[in-house]
Every structure is written in structure tokens, then in C-alpha cells.
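Presented sequentially are two complexes of chain A, the first with chain B as partner and the second with chain C.
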Partner chain A sequence: MDIIPQLIVNSIIAGAIYSMVALGFNLIYGTTKFFDLGYGALAAVGGYSVFYFYKGLGLNLYVAIILGILISGAIGLIIYRLVYAPLRKRKSSGMVLLVAALGVMTAVQSIVAILFTSQFQTLSRSAGNEAVYNIFGGVITQTQLIILILGLLIMAAIGLMFRYTLFGKAIKAVGDDEEVSKIVGINTVKVIGWVFFIGSAIAGLAGILVGFDTGIEPTMGLSLLLKGVIASIIGGIGNVYGGVLGAFLLGFIENFGIWQISGEWKDAIAFGVLILFLLFRPQGILKL
Partner chain B sequence: MEYLIHIAILISIYAILGLSLNLVVGFTGLLSITQAAFYGIGAYVTAILLTSTGMNFFLAMLIGIVITAVISLAIGFVLSKFKDDYYALGSFGFNVIIYSIFLNWQSLTRGPLGIPGIPRPSLFGFTFSENLWFLVLSVIILIIIYFLCKFITTSSFGRVLKAIREDEEAISVFGYRVLWYKLTIFVISAGMAAVAGSLFASYITFIDPSSFTLTESIFILAVVILGGLANNKGAVLGAVCLILLPEILRFVGFPDDIAAQMRQVTYGVILILLMLYRPQGLVGEYRL
Partner chain C sequence: MTKTTKTVLGIVGIAIIVGIAIIAIIIAVTAKNSSKPASNEKPTITIGVTLPLTGDVAMLGQSAKNAIELAQSQLPTNLKYNYKLVFEDDQFKPALGATIANKLISVDHVDALMSFGSPVGSVVSPIAEKKGAPHVNSFASASHVADGDYNFLDYTPSYEDSELFIQELEKRGIKKIVFFAQSDNQGAASIIDSFERDIKKTDIEVVSIQNFTTGTRDFRTNIDKVKGLKPDIYVLEATSPELEILTRQLRQAGINTPVTTMEAFEFSDQMSLFEGMWYVNGADATPWFVDLYTKTYGVSPKFGAANDYDGFSLLVKAVEAAGDGKTKPTHEQIKDALANIKSFDGALGTNQTIDSNGIVDSKAVVRTIKNGVPVTIAP
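Showing the complex of A and B:
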């Protein structure tokens, strides 16, 4: 059996997941200019919310997923209001925000672990007998196909939002210059609040989809998030399409990198790529 | 009594780690989140040498320091190209890469199985097998490291470091070679972390990669930030607080697995609160 088609399919699926995380991260970074690492923990929040509603309470699958997305978004918004908004008001340095975000991440993922134990769980009820499609000799499951489609849809939605809506323009304005946006009458606190809500909801969705594809554990967010951050930096940080491009590139590098060696090296490869990019092209592919 | 000695030994190991990281984060202003990697290299070198050749502990510790120093020189050189947030992110990357090496270089480190049966240190026929004597040894080493840090930070070398932290360009205009200073302090700091690693390996007598994750680096950072940046006493104080606090939680009556998670929640929340209300820590002399 030829392995290359499967590697390509795997790369695309990984790219789709990373691009979702990168989209949310880029949205937040582009507006607020700080590395929100706490954002990763929200993927676990989304995954475990669905686990609770769908498997615990036996709610309808779609209701559970929508609740999971809303809860992640709401928690992201609350964290912004409680922690980041006061810090930003005081003009704290990026490093203070980064350390606070590390605190958020550690606390949130441990709270999830206390509530649901740190065991690996799977979300899908029908593990193993899922519909499977064959594409050019590579195998893709139904869940993975949904991940791919949703990833592209979210990218399109965010791209359209930036181009055609007033809200998208307001976000861009705040990202360019917060002070001046205030002067022209943009309610920056509200806009940034919405950005956190949307970004966190996307993180939650990514967590849920990973949960259906492989499974969830409380610490899943960190590695997902770091991949999203790496993808954003490779593509050009703050750039919506750059993040997606970087995500797929990272997916391919990772999956082809482990062709000959053990899969455990994936994270090391991803960070190796990050460091190479930071050294030789810190502005990413899509920035001049 | 045994229990108190155990806590005291842990405190001295983390105090050494805190002191070492404070040199880089507090005094030089470089937000490095990779200390657990150097701690791990020290621990692994010592463990491998002790179990495979049976050489003297102190010699093995020395070799550990040298190897860590060489690796940290290379890492420090790469990191010196980055600034602020990117510095932190790059250091994250090296922690993940070195952790992957611990996990995957199975012929050397035995991977996730870890290395058991590491002997306790011995000197002139006397073995520190009693925990009380081990405590004496670690406190002596802690005191040596403390005075070494004090010497470094009050010397003219230390003043240059603080100047780099406050204004890198100004000090380089005066003809100081900033890169050389940054590298030197980074390597010294890594060497000290390796000492802590050697102590840890021979105290627990078993090591596996899980002790040297990114989370551990964040914990060491929390020690430094809680105690107080750019204050040597602060690093020790931070270690005392962060090791004792979760033990108190254990006495309140949480079961063991929840207590472990509670420890994480506590220090996550501590980081957030510190950034919000007291970014310089308890007795710190510098704010991020």
C-alpha cells in the first residue's frame, strides 16, 4: 500500500484543525496585540462541555455542540473582562499579559481536570464504525471531512466579516490604533469583548471537533494552541489568510516529518520550524 | 518528621531553581520559560552516569553542569535573537524539543519508562541515604548557590545585567557587548538548574520525562514571580510559599489526585492575582 496519499490526507486534516485555532488566535492577537495563551484551555472547555451535555446528560448532539461553543465563548469573555481588560487598561507590558495568560491556562485546565478527571475521553458514541471515504487512495472519516469543511467555512466567514461588515472594520481599527478608535466613537471595550467571545468560541469548536476525531483530555489545549500560534507566526501573525496558510504548511511539515521516525516527534518538529522561522523570516510568509 | 524533611528538601531544590531563573528573568529581564529543560538535562546526565558507570555523584553532577552549559550556550545564542513575547515563545519551543528528546531517545533515556534505581550521593565512604543527611547536603548546596547569586548580582557584572534589562541600547552605546552578557548569565543560570536536577534525580532515585514538562517551567517561573523578581531572597521565599501552600491544601482533606490539580489551580490563580495587583511579587525589585 502506498503511504503518500494517506500522509497528504492526514496533513490536510491536521491543517484544518490548526487553521481553526490559528484563526481564533489571530483574531485576538490582531486586535489586542498580545499572546493569549489562556485561549488554549478553552478548547478543553468546549470539548468537555459537549462531553457533559452529550454523553453525561444525553442531550441532542447538535444542542450539545452549540452549548459547548457558547460556553467556551462566554468563558473567554469572562476571562477577558476579569483579567485582561484591567491589565490592558493599566497599559501593562506584553510580558505581564503573557504571564497572566499562563496563569489562566494552568488554572482553567486544572479546574477541568478536577471536574472531569484527567482521563482521556472520547466524544463519539460510535467509535470505530464511522462512515469512511476513500480519496485518491487515502482514507478520511466523516468527522474529519466535517472538520475540513467547517475550517474552510470559518475562514470564509471571518474573511467576509473583515471585508464587508462595520464590525469587521471596527476590529481592524482597534487593532491599528486603539486610542484613535475610541476618539472616533468605537466602543473598544465592547468590540474587544466580542473578539474574545468569537475567538474563544472557535477554540471551543476546535476542541469539540478534536474530541470527535480522537478524544479529549484537560491538557489538550496547550499543544493545540501552540500549533495555532506556530501556524500564525509561519503565515504572518495578525493576517487571517496567513494563519490558514501557515496551518496547512505546518500540517504537511509535521506529517511528512514523521514519515520515517516515530510520531512522538511531531511537537519537536513543529517547534523546530517555529524557531527557524523566527530566526530567518520572523514576519512570516505573507508579510512584506 | 520524615514528611517535614521531604518538604524541606523539595523547597531547597526549588529554591535553587528559583534563584537560577531569577538571574535571567529578574535581573536581565529575559522572560525565559525553559528552565525545566536544563533541570531535566542535569537530572538525566546524573542519572545515566550513576546507574551505568557507578561514578561518584559529585563528579556526575559536574559533568551534568558542563553538558547543560554547552547545550544552554547554543539555545541561549538562538534565543538572543528574539525579544519579549517572541523570546518567551522561543524558549517554550526549546522546552518542548528537549522534552521530546527525553521521551523519544529511548536507547539513552528509556523514554516514558524512566530511569529507576538512581543511587544516593556518597562522599569519602559516607552515603547520604538518610533523608536528614540529604537535606543537609541540599541546604549546603542551596547556600553555596545563594551566595554565588548574591555575588553575581552585586558585582559590576550584575549591574551591567540590570542595565541591559532597563535599556539595552543605552548600555551597548557605552561599549558593553550585550550578547556576551546575556549568554554568560543564561549559561550560569542553566548550570545552576542542572545542579538542582542532579539533586532531584538522586533524591527521588527515579526520573521520567514527566517531571520536566513545560508546566514545570511555568511553575519555576511562578516561584520567581511570586517571591519577587530581581531579589535573591525573593526566589527562596517563592519556593517556600509555592511548595508549602499545596501541602496545606492536602491537610484540608482533598484526595491526592485532586490535591495535585489543586496545586496547579492555586499557582495559576496566584500568577493571575500577582499580575493584576502586585506584578513585582512579594519582595521584588523589578516589574515585568
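Showing the complex of A and C:
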């Protein structure tokens, strides 16, 4: 039973990574009702931006991280303006938007692979030598602790934004009914643009932190996105708090699920849980 | 402009375009025919090579390409044929390897094929066999890559690795091991199969085998499951980047037990992670090859480069034996000539032989990582 504390810590670490992805994804989905598959690729954009500025150009780490986050946000906004906004204006179907988003993800991944090659890279200069902390018998690294704290802070910030700012209320209004929001004078194009910027910036940050924890590769966004989507569906698609809850639940299910069986089953367990929720509780644990 | 004028001009325009196209076709066909060698010109043998030139093992693929090109540059001038190489990048992905193999055989009409590694070799091998194209793989642990009449393997087989590995475990007094295995990698699976057969003859206990799939990035729970078993050594059978991530996560979990492998360390470009660790690897390159490669490219050859040098040399030897110098030998003739090669000298040593399964006989070695560089310590 000595393993239980570490299993709990492992589950929390995994949940923290998934929650960061789910946060941005749910912010976008909750506002636009659009399954943005291209979102995952922005994690790679963030990671590779830091790789370029920090390891390539030798810039200060914090400057590189800020640039990485801003670039991810900016590219997310540009993609929205150039691809998704025109399609939405044309009242394109959900399938068209989904295919467009798939195209965006493939294109962004390919561009990253051409610029940086598809070789796996690490962002950390001291890979394997970072500080490690013992929490109630479980071991967690400094990077993993940062992921956990930042994820919770971002969730809190988004919650406060929704509750206490006009902008947050505008986002909720657009999410509830875009047409009525326009009628009451909300600039929905601007609001949605900002939502894409913020959501993409969060994706970029997730990619950066995963890059420090394990590493980066051009296709890293797809697996992160899938786990973020599963977490969102489990927790309540479009619900920012639900996504976080679903992420931690997924982390626990995966790690405890493979406790007594082979690790090869991890993905099968995750997708199995997704199917169960889609069949029996499609609205998730917390409704939108 | 009247409608009639427009119509006439349109027809004239189309006629001009069609005429240009016909002339272009005639020129192309004439040029193709005129590229047939004159009676005193040597025919050209085309060898298609699929390598991971980009991706996680690009450093090995690039080294392989260098070695093959080096072998080509060393060919004597008095051969019966000219030799042309066509390189394609498979990124170490089986699906790409299959597409490339089909293209090289059916579109480029290569006279022979070379491939790299077990994942790609495993898909190229049946294609080469079905289409009757001689195929040499120079980096596959999975000996089934040599199955069939048209497939040959110039790499230390997994059973050689396994035999030496177990001898070394026994020599070092190791009694309990834990295996981490990338179960969907053909090379790793072949090595583990050989190992599981051979280990039963000893009193070494495999206390746990932790299987994982390619793409796994979080090994923490797998590690926690075996931490309490306190093995004497961890055996890691994985390719990059899973190998490096797993090793770092072992250390993060506070495990300082030695790690070892059969061949995997030299897939990594972060060998300092394995500093001081011993492992078993395929046959060593000869000093003359290492010198030649280093002088030519300014860096030492990577693991497997000597095998690729020899793989190309074997094909040339077979073609020269099979052909009359006037016309190109058929695929079948090249295949038969390869199978008839009994002994040859190459970058891996003198008097190398090919067994009845089409596998070049070469022995494994024990190495360690010293100052970030592999060094052979036995035999």
C-alpha cells in the first residue's frame, strides 16, 4: 500500500496537465459551441516558440515563456479571423467547421515539423536534475508543481473574470445566445476574438509546461487535445469548472486503472470512460 | 470582335497548345531513348534506399546515408556497372516505409532495395518478397525481416544479443531484473522474445515486465508499480524519446538502480543519461571504417553505419557476379547471387558469412557509455 500516495500524486499531476488543456478548450467551446480541433496544435506552437527563443536565441527564460504564450494567443486569434470567423459568418455547418479545424491542426503541425524537424526536444537545460519534493509520501517535481499551481490559478482567474468583469459577462452572454448578444450591443466578433486569444494562450502555456516536464514534438498537441476533450466531456462540455473536475477525475481513473494491469491499457481505459459518459451521461458531471 | 472570330481564334489557340504538347512528348520520348547507353557505356544499376532522414532517429538515418554514399565513393572504376542511389525519407514509420517501397519498386523501377530498422524492414520485407525485388536491411533486430528468398539482413540478430546479454548478467551476479518494453516496436519485441526464451535456462528472475506503447510520455505509475520489487537492474527496451523520458522519470522517482539494454542506448542523442551503464550492442565497426568515415565526414559513424556500408557493398558484389556488364541482371539473378555469397570482407570485419536464412553472421559486443560516448569493453 506504500504505492497509494504516489499513485495519488501521479493522478494529480496528470490531472493538472489535462485541466490546463481543458480550460482553454472549454472556454472556446462554451462561447462558440465549436469543437476547435486546431486548438491542440497551439500547444506545440507555444512549446516550440520557447524552444526557439530560449534554447535557440538564448533569451531569458521568462521572456521566452511570455513570448511563447503571446505568440500562441496571436496565432489562435489569426486562425479565428482568417478561417473560423468567415465560415461562421457564412453559417457553415458544424461538420464544415470541424473539418476546417482539422485542416488547421494538420497544417500547423506540418509547419512546425518543417521549421524545427520532427525530432523530440526538451525545453529544460537541466533535464533530470530539477528539484523534487516529497508530499505525503509522493514525489513531485518542481515543473509538475508549477503545472498544478498555474492550472488552479488560471481556473480561479477565469472564474473571477466571469463573475466580476463586464467582459466575463459578455463571454457568458455570447455563449448563451450569440444573436441576442448582438442585439443588446455586444461586439460578439471582438469578444470571440479575445476568447480565442485567451484560450490559445492557455494552450500555448500547457505546451510550454509539458515541454519542460517531458518534451516537445510537432504532434504533441493531438494527444493533449484528446485528453482535454475527454476531460471536458466527463466534466461537462463547455463548463470551465467541469473541465477541471473531469481532468482530475481522468487522471485518477487512468493511474488507478493501470495499477494492477499493464500500462498499455491506459488509453483504452480513458476512451472507454469517454464512451460510457457519452452513452449514459453526455452532459457530463456538471452541466453547462 | 465577332463571335465567329472568337471561335476561330479559340480553335487556333487549342491547336497551338495541342501541337506544343505533341512536340514536347516527341522530344521526351526521343531523349529517353537516347539515354540508353551506347554500346560502350556501362548500364546503371539503381538502388532504392529508405532511411529515417528526419524524425527521432534521424541521426542514425543520416549516418547510414553517409555510410552508403561512402561505400559508393569507394567503388573501383573497373566494375561492370554504374551504381545510382535513390534515397527516400521514411521517418522510421512503417506506413511511410510501405509507401516508399511500393514507389521505389513500381514507379522508380529500382534494381534493389535497402531499408533500415525493424519497424520499416518488417513492412518492406513482404512487399519486396511479393514483388520479387532484392532487399537488404542493415539495422533490424527482428530476424523475420530476412524471411523469404528476396530478403537479406546485415545486422546482429536478436538471439546473439540475448545470449551475450544473459552471460553478462550472470557474470555480474544479477539475480532480479525488471523489464520496461516498448511492446509495439518490432525490434524490441524480437529482442524480448529471444531473451524470454534464453533466460529460462538460468536462475535469473524477471520480477516484472512493464509493457507500454509508442507515444507513452507518463511512466510514473509503471515505475511506482515496480519500485518496491527492488530489482538489481532495470532493462529498458525502447526507442527515442520514450527511452530518455523513462530514464529521467526513473531518476525523478528516486531510483538510482543501474539501467541497461540490448541496443537501445545508441538510439539516443542524449547518451550522457546513461553514463557508466553497460549494455549489449550489435557488432563493432572495424577501425579502418571508423577512420575512413571520420576523415570523410569529420564525425565518427553512428551505430549501424558499418552495417549499411556492408549492405551496399553486398548488393554491388551480387550485381557484379550476376550480370554480364552489357545488360542489367534481373531481380532474380541478383537475389540468387546474394544468396550465393559465402564469405566477404567489409566494414564489420573479414570473412563474414551469410547463413541459409539470408542473415549475415555477426556477434554482439558489450559496451559502456564513457564521457557520453560508447566504448566496447567485451569481448
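Some notes on this structure:
Keep this in mind: the second predicted complex is superposed on the first by the 284 of 288 C-alpha atoms of A that agree within 3 Å, B and C clash if a C-alpha of one lies under 4 Å from a C-alpha of the other, contacts with A are read in each partner's own complex, and residues count from 1 in each chain.
Heads up, the rule we're going with is that a contact is a pair of C-beta atoms (placed from the backbone, for glycine too) under 8 Å apart; a residue touches a chain by one contact, two chains touch by 3 or more.
Given the structure is predicted, the values throughout are model-derived calculations rather than measurements.
Superposition of the two structures on chain A leads chain B and chain C into a clash.
By the document's definition of touching, neither partner reaches A:Leu166: not chain B, not chain C. By the touch criterion defined above, A:Leu87 lies against chain B but remains apart from chain C after alignment on the C-alpha atoms of chain A. In the superposition on chain A, A:Thr214 makes contact with chain C only, while chain B stays out of contact range. In the superposition on chain A, no contact is made by A:Ile183 with either chain B or chain C.
Within the superposed three-chain model, A:Gln119 lies in touch with chain C and out of touch with chain B [touch as defined at top]. Judged by the touch definition given at the top, the superposed model places A:Ser262 against both chain B and chain C. With the shared chain A as the reference for superposition, chain C clashes with chain B in the stretch 109-117, and the other listed options (109-117, 181-189 or 217-225) are free of clashes.
According to the touch criterion, the shared surface of chain A, contacted by chain B in one complex and chain C in the other, consists of residues 113, 117-118, 262, 264, 267.
By the touch criterion stated above, chain C contacts chain A in their complex at residues 54-56, 58, 91, 183, 210-213, 215-222, 224-225, 227-228, 240-241, 244-245, 247-248, 251-254, 270, 273. For chain A in complex with chain B, the residues that touch the partner chain are 34-35, 83, 86-87, 92-100, 102-111, 113-114, 117-118, 222, 226, 229, 233, 262, 264-265, 267-268, 271-272, 274-275, 278-279, 282. Those residues of chain A whose C-beta lies close enough to touch chain C in the complex are 2-3, 6-7, 10, 13-14, 113, 117-120, 122, 127-128, 132, 139, 141, 214-215, 217, 223, 255, 258-259, 262-264, 266-267.
Chain B contributes residues 31, 33, 78, 81-82, 84-86, 88-90, 92-94, 96-97, 100-101, 103-104, 214-215, 218, 221-222, 225, 257-258, 261-262, 264-265, 267-272, 275-276, 279, 287-288 to its touches with chain A in the complex.
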